[in-house]
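Note that the chains take the letters A, B, C, D, E and F in the order they are written out, and that residue 1 is the start of every chain.
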Amino acid sequence: MITRHDRVAVDLPMPSGPNANGAAAVQELLGGKFGEMSTLMNYTFQSMNFRGRDAAHARPFYDLIANIAAEEYGHIELVTYTINLLLTGTSTRGTDPAAEPLAGVENNRNTHHFIASGQTALPMDSMGRPWTGDNVFSSGNLKLDLLHNFFLECGARANKIRVYETTDDPTVRAMTGYLLVRGGVHVVAYARALEVLTGADLSKLFPIPDISNKAFPEAKVLEDQGLHLILYRNNPKDYARVGEVFKGPHPEDGQPLVVEDGLPDGVAPPLLEEEPQLTAPGIGAIDDEMLREIMKRLER
Amino acid sequence: MITRHDRVAVDLPMPSGPNANGAAAVQELLGGKFGEMSTLMNYTFQSMNFRGRDAAHARPFYDLIANIAAEEYGHIELVTYTINLLLTGTSTRGTDPAAEPLAGVENNRNTHHFIASGQTALPMDSMGRPWTGDNVFSSGNLKLDLLHNFFLECGARANKIRVYETTDDPTVRAMTGYLLVRGGVHVVAYARALEVLTGADLSKLFPIPDISNKAFPEAKVLEDQGLHLILYRNNPKDYARVGEVFKGPHPEDGQPLVVEDGLPDGVAPPLLEEEPQLTAPGIGAIDDEMLREIMKRLER
Amino acid sequence: MITRHDRVAVDLPMPSGPNANGAAAVQELLGGKFGEMSTLMNYTFQSMNFRGRDAAHARPFYDLIANIAAEEYGHIELVTYTINLLLTGTSTRGTDPAAEPLAGVENNRNTHHFIASGQTALPMDSMGRPWTGDNVFSSGNLKLDLLHNFFLECGARANKIRVYETTDDPTVRAMTGYLLVRGGVHVVAYARALEVLTGADLSKLFPIPDISNKAFPEAKVLEDQGLHLILYRNNPKDYARVGEVFKGPHPEDGQPLVVEDGLPDGVAPPLLEEEPQLTAPGIGAIDDEMLREIMKRLER
Amino acid sequence: MITRHDRVAVDLPMPSGPNANGAAAVQELLGGKFGEMSTLMNYTFQSMNFRGRDAAHARPFYDLIANIAAEEYGHIELVTYTINLLLTGTSTRGTDPAAEPLAGVENNRNTHHFIASGQTALPMDSMGRPWTGDNVFSSGNLKLDLLHNFFLECGARANKIRVYETTDDPTVRAMTGYLLVRGGVHVVAYARALEVLTGADLSKLFPIPDISNKAFPEAKVLEDQGLHLILYRNNPKDYARVGEVFKGPHPEDGQPLVVEDGLPDGVAPPLLEEEPQLTAPGIGAIDDEMLREIMKRLER
Amino acid sequence: MITRHDRVAVDLPMPSGPNANGAAAVQELLGGKFGEMSTLMNYTFQSMNFRGRDAAHARPFYDLIANIAAEEYGHIELVTYTINLLLTGTSTRGTDPAAEPLAGVENNRNTHHFIASGQTALPMDSMGRPWTGDNVFSSGNLKLDLLHNFFLECGARANKIRVYETTDDPTVRAMTGYLLVRGGVHVVAYARALEVLTGADLSKLFPIPDISNKAFPEAKVLEDQGLHLILYRNNPKDYARVGEVFKGPHPEDGQPLVVEDGLPDGVAPPLLEEEPQLTAPGIGAIDDEMLREIMKRLER
Amino acid sequence: MITRHDRVAVDLPMPSGPNANGAAAVQELLGGKFGEMSTLMNYTFQSMNFRGRDAAHARPFYDLIANIAAEEYGHIELVTYTINLLLTGTSTRGTDPAAEPLAGVENNRNTHHFIASGQTALPMDSMGRPWTGDNVFSSGNLKLDLLHNFFLECGARANKIRVYETTDDPTVRAMTGYLLVRGGVHVVAYARALEVLTGADLSKLFPIPDISNKAFPEAKVLEDQGLHLILYRNNPKDYARVGEVFKGPHPEDGQPLVVEDGLPDGVAPPLLEEEPQLTAPGIGAIDDEMLREIMKRLER
């Protein structure tokens, strides 16, 4: 079970302007094979499926995977809100359908943002293909699952880098910068888990791909604050033993890894303006009387 | 963001025995079009995508959808653990691959439970087809989204009924009985939301399909305790106004609907035994020395 | 069985010009989840699958679903011809492949219109993804199927509205205007069916989404003629009892619903010019002698 | 547009008994790549997409394709009713869900027949995979489309043969026997169309695969009556010129091909019994009072 | 088993410039339903699956299919290298991710070329949809499989023609010109196989679609050299009897068909420049010291 | 380009008997996410897509990937022939379709083996889902691609182990035993490549999953002969430098890795008997005269 908080992990700046194709590209980080839906669902299923977790030698690995799964939920939020902010204002606001409020939408790469949704995100990739459960790997063998997760996070890292490189939009850069750092923690976490499990030293593999987070200004500023060293212990009581795996020096800069209890503070989710031409949300859309009646029924 | 709890909503009894095809059938309730992945993801995306939610007349609807999304996370756990328990022991335990420990698996309906996973659940349906993001509907229009959700919950109810009817296994029945009741609350919640939004009275539509939860012994016992009347306010501070929508009499038995703060108590997740023939989890599988070394590295 | 007529339901004006991306967008109304392929196939399968239809209380519902299915066939025609007209002339006519007749096609959103088809429609959506049988819902429970259909028509209505809003092209507007009205009849029909079945009054739910057909000039002119009140009894003898369900006042304007026997008059399908650069149709393409020989073989 | 008739093309005998896996296998002929959904939709789209059809030398080909499309609608009915009859009675009838009415369903190959539908057909193949618009080929080039159709019908013929060979069930055999004959007419029709178009003589290719319809008793009896020689001119006025293509001797037995106006007589669709354990249709399921009220509302 | 050669069949000229959307369109010829992945895999599976091939009358057909399969491997190379050359230089080279090296990529039709791959091909079509095993037809019946192959090659020919027509880019034209000729040989080969098998004369069907290869300058020059007459006997010893099928006059120009032993000479594959902004390949990307160490480890 | 040899890598014993469901399970190793289609296509695309391969430090990695790709072609053959042998004789041979030669097929897990193919393999997995190009990963970053390949081979190893464990059939065991050894070489090869590229030591990760090849009798006998130490240099001239990467001690038993020039000797492919009830291959099926005519046309 979860307790959901009406807060997102980091404060996203406003976009430099509406950007429909930018939003379409960012979808890769949400619903792509290496998007946040994949990290969320891989670790969620691996944790629910973890056999033999009650053994003393197994529990820290379970705690780690379950704990990272919890953080990923916050990541689908960040990517989704980035997409939603980019899509805000990408068509002409108004209530007259005959005024062509969606003129030009037919030339956007992702028409589903306008036809299927109300200028908001959907669980699909940058080609508009839906996320699929095929993206979940859960073999039951811990070593293989950890290797998968290490690879998945490296692949996710490559995607974030490349989406970052498409744009100077501040929202996209803030989001990818943050996720490069937090995803970077997960790369390290899974490498450490493999190391603790097998005794191998994977530190020379870093970074994958061959470019440091420090090369990304929005990531560098966060790493300068040490955000790449911290694993948030989502629920200190329930996932108590993550620190038995997540420990030692960071493979890239050698600073000590740290476990911190609780969630990041976060902020309230960004405001999403109405798009009346899409009747989104359309509450009381036809006339004011309707709205008054809704209020009355709410207050009753 | 979420806080994840290492507890599941209800105590699942042990299955009457290993049952691979039973597990395959239950997958419908996890990864089918009307499975819990769908309810979880529909409401999660609708809440993140809710435009204009800051308006006074909109917020209670946002709170309701966000809040129900949070409960659905607990439902994917229940279905997943049911599948995992059914699959436990469905092959022969042992470490000698030449002893044919998976003999007979080729005749099971879902071979991926054994080849792709470690006798555990995956996000797919009862035909082994993966859950897809196409199952998420998020039009941005509140009335249409609520109508969708009302339909989705009714469709989900039909699937639970039918899976229930396949078996007398206590785990499956306890799980479906519980979900019929809790899903029933969501049917009511979305009907009430449509009623508050439009003034229509949908109570005569109940129940869909045309059979009462009371006909299911495992559901009836819970309804006798009033569980069908309660909406858990997942996070009382953040989703404060759900009660402005979820109120009034239950459409079927006329008892007053209630909002209750916090999560159900829940219990620790069921223990999942190791399946060594699948090296699940395979920690220290080759010899005891390995295991000792792992322990040493954990304790370091 | 069907008798097919070489006529389409309404006279489509010519487009303001060739428009490849416009055609790509309109595909949503043909092969999208809420497109006419979905309405056609849902009702066709539900009618073929209707158990117990021979009971007196069931037959009017069967007649209604079967009858609406028949009308939907005419709707896939209208959307298809709209797409075909928009695609006509979108490349350069000619028989010399070296003259780059398809120059620029690589920048169109839907390349399959040019590579897979002869500048004509295919059963796919506005993202170029094929229609799928997964879009068919046929649970066997009448109430649930009717609720689905009511939702499906409302979702289809939202899509038509949004495609309408993308353009001032006369063909697209005439087609969507007509389908908003006819689809509107189906929304009413399924609401009435639910009402007759359960006694609930759904009229306050209208319209979904929250915008009236009267806001669309091309729809308004048809509603002024009362087209939104008429259910065409496709085959008066075979689906005789539709009027036991489709009756009473229209939920939006209160005018009496009417059953009218037979099909709309319709008109001959629009002419589709040849596109020789695609050898569409390519009959006798290589030289005139070929054409003469074909004629001879036809006349033999 | 179409006029739909509440009749099916041929009288199907009752199955020798309920047969869930038999029904699952027959799905191939409905929603498989070479199933009737494919023939119906290929020819429907090719006819709507036919460019330059108004030319004198083109029209007979258009008429042929449009006309065969119309017959295929009747074929999806026959396969669907066969499946529905096979599924009738495959679970235990009753209204008590706790009595395990669907016991054993978990071992059936197609669980969606019971969970997603009410023991009836869905547009999927024998592996439970949905029919897809990818199965539609419509290149716009007449010769290529005809070659495709010739191949499609031969592939469909192979599938019918193989499904026939799985069983001695009278319903399946009657249906496949009939469709082998009628599909055989379509093989001939497309071969003749290619011959008229190009002058090639394809008769030596027959039969594909290398087995005659006469080897199937249920087909032979129909061929003895000459049913393999007749093309039904679905709408004599609108598709007047089919006979300019469909003419000459049958390639296998040399008898003259014939065009016959109108549809086969057909019979009323088979009765499909209720399956109350699936609330299919569930009209008035809870009590008799409900039923009386429905009747009252119908009669009002 | 195969011996792989580091050579491609024909020398591709450099593109007139980087062309991301051009590359996206060419993908149809690689991963489309009628792309080279399909021809390769259809014939590969048909050859491995060929039952009864050891019979004297069967072996020449087996040899033919197996032999053509081998040539198709070279065709996926040619299409892939064309795509890779077109994508080379489509973004800004450099190592600073903050310099927006991928600016504008969000407007390209295929974002996966930049996010999922390193500006190179993937097995997908021009709409970005992955190639699927559903494209493989292998019925086991030789006549039906040959008919399929004949149709597949004609469909592939249509696609090549249409992609050719989109552009005057020299790489695309050289590639499509070459493949039109070589694919043309395969059309003839499968027609001849059907003729030898059945005695039918298919020569009047040519060409499909109705335009000659000679109309394409880059194909004509190759046909003037007789390349359309030659079947390369990939492995003279192992597929010795192809000439018993591939013989007689070419159906279009009447020149004698020829079997030639061995592969075309071919040339070294084109050089593909590095794209450092995608860390492709990223070897020693961080600093020179890394590169020296790699060299040392290689030489060790 | 390739030269194809009509030989398979290893001599497969005959199965202990026909086994349709066994064949269905083995499909996972052919068309599953981790099947041989995936290894073949991943490395083939990665090699064609390798940017900067002409640099001295890059070429050995290119040679390695290209070379392993070539071996994988031989592996799809082995899995395919295993499936084909298992399917041989799974229905009743004969030419009378009315004798129910396919009786019981409706209860087999994979009906496409009988309806779509002639009791032979298709590129699908053990759930009957087609292989997809989505399974190809080719990021362009060498380190990431190598990590992917290392993971892919470990995942493939897990699948082979589990399929092995389902059966004591000699064909399946011989095939999986051989592929465990050869796939094991590829695991080592990609680990070595990562080590040479980065300097990391991955040997302690072995084996993944946690069970040695020596535990499989059919693999052990081959490892005793040293087959797990040999990389076959498929084309010594063209992929000359593989030995700069594939060298050093085997990570599990410490024996020296070896590069051997050329292919394994291999043997002729297994004979596949005809299945006349499926007209596979159906050459001259109708009567002997046909067969004589075919022979005449071949010899002409």
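Note that in this section a contact is a pair of C-beta atoms (placed from the backbone, for glycine too) under 8 Å apart; a residue touches a chain by one contact, two chains touch by 3 or more.
If you're wondering where the values come from, they're calculated on a predicted model, not measured in any experiment.
**Q** Quick check on the contact network: minimum steps from subunit A to subunit D?
**A** Each step joins two touching chains, and the minimum needed here is 2.
**Q** Work out which chains are contact partners of both subunit B and subunit E.
**A** A, C, D, F
**Q** Comparing centres built from CA atoms, which chain ends up most distant from subunit C?
**A** The most remote chain is F.
**Q** How many degrees of rotation carry the C-alpha atoms of subunit B onto those of subunit F, rounded to the nearest 5?
**A** Fitting subunit B to subunit F on C-alpha positions yields an angle of 120 degrees.
**Q** Which chain pair shares more contacting C-beta pairs: C-D, or A-C?
**A** By the number of C-beta pairs in contact, the winner is C-D.
**Q** Taking all residue numbers used at the subunit C/subunit E interface, answer same if over half belong to both copies and different if under half do.
**A** different
**Q** Which one of the chains is farthest from subunit A, going by Cα centres?
**A** Result for the farthest chain: D.
**Q** Distance between subunit B and subunit C based on Cα centroids, please, to the nearest Å.
**A** Those two chain centres are 37 Å apart.
**Q** Would you mind pulling out the distance in Å between where the CA atoms of subunit D average out and where those of subunit F do?
**A** 39
**Q** Averaging over Cα atoms per chain, report the distance between subunit E and subunit F in Å.
**A** Roughly 22 Å separates the two chain centres.
**Q** Pull out every residue in subunit E that's touching 2 or more other chains.
**A** Each of 33, 109, 116, 129, 134, 137, 139, 141, 143, 158, 199, 209-210, 278-279, 282-284 in subunit E touches at least two other chains.
**Q** Which word fits how the chains touch one another: line, ring, star, complete or other?
**A** Graph shape, chains as nodes and touching pairs as edges: none of the named types, so other.
**Q** All pairs of touching chains?
**A** Every pair of chains meeting the touch criterion: A-B, A-C, A-E, A-F, B-C, B-D, B-F, C-D, C-E, D-E, D-F, E-F.
**Q** Using the touch definition up top, name the residues of subunit B that touch subunit D in the complex.
**A** 19, 21-22, 24-25, 28, 32-33, 109, 126-127, 129, 158-159, 161-168, 207, 209-212, 215-217
**Q** Which residues of subunit F touch subunit A in the complex?
**A** Residue list for subunit F touching subunit A: 33, 134, 137, 139, 141, 143-144, 147-148, 150-151, 154-155, 158, 194, 198-205, 208-210.
**Q** Touching residues of subunit E toward subunit A in the complex: what are they?
**A** 91, 95-98, 100-107, 109-112, 114-116, 128-129, 277-279, 282-286
**Q** Considering only the defined contacts, which subunit A positions touch subunit B in the complex?
**A** Going through subunit A, the ones touching subunit B are 1-9, 31, 37, 41, 44-45, 48-58, 60-61, 66-67, 69-70, 73-74, 76-77, 80-81, 84, 116-124, 130-134, 136-143, 195-197, 199, 234-235, 238-239, 244-245, 247, 263-264, 266, 269, 271-275, 278-284, 291, 293-295, 297-300.
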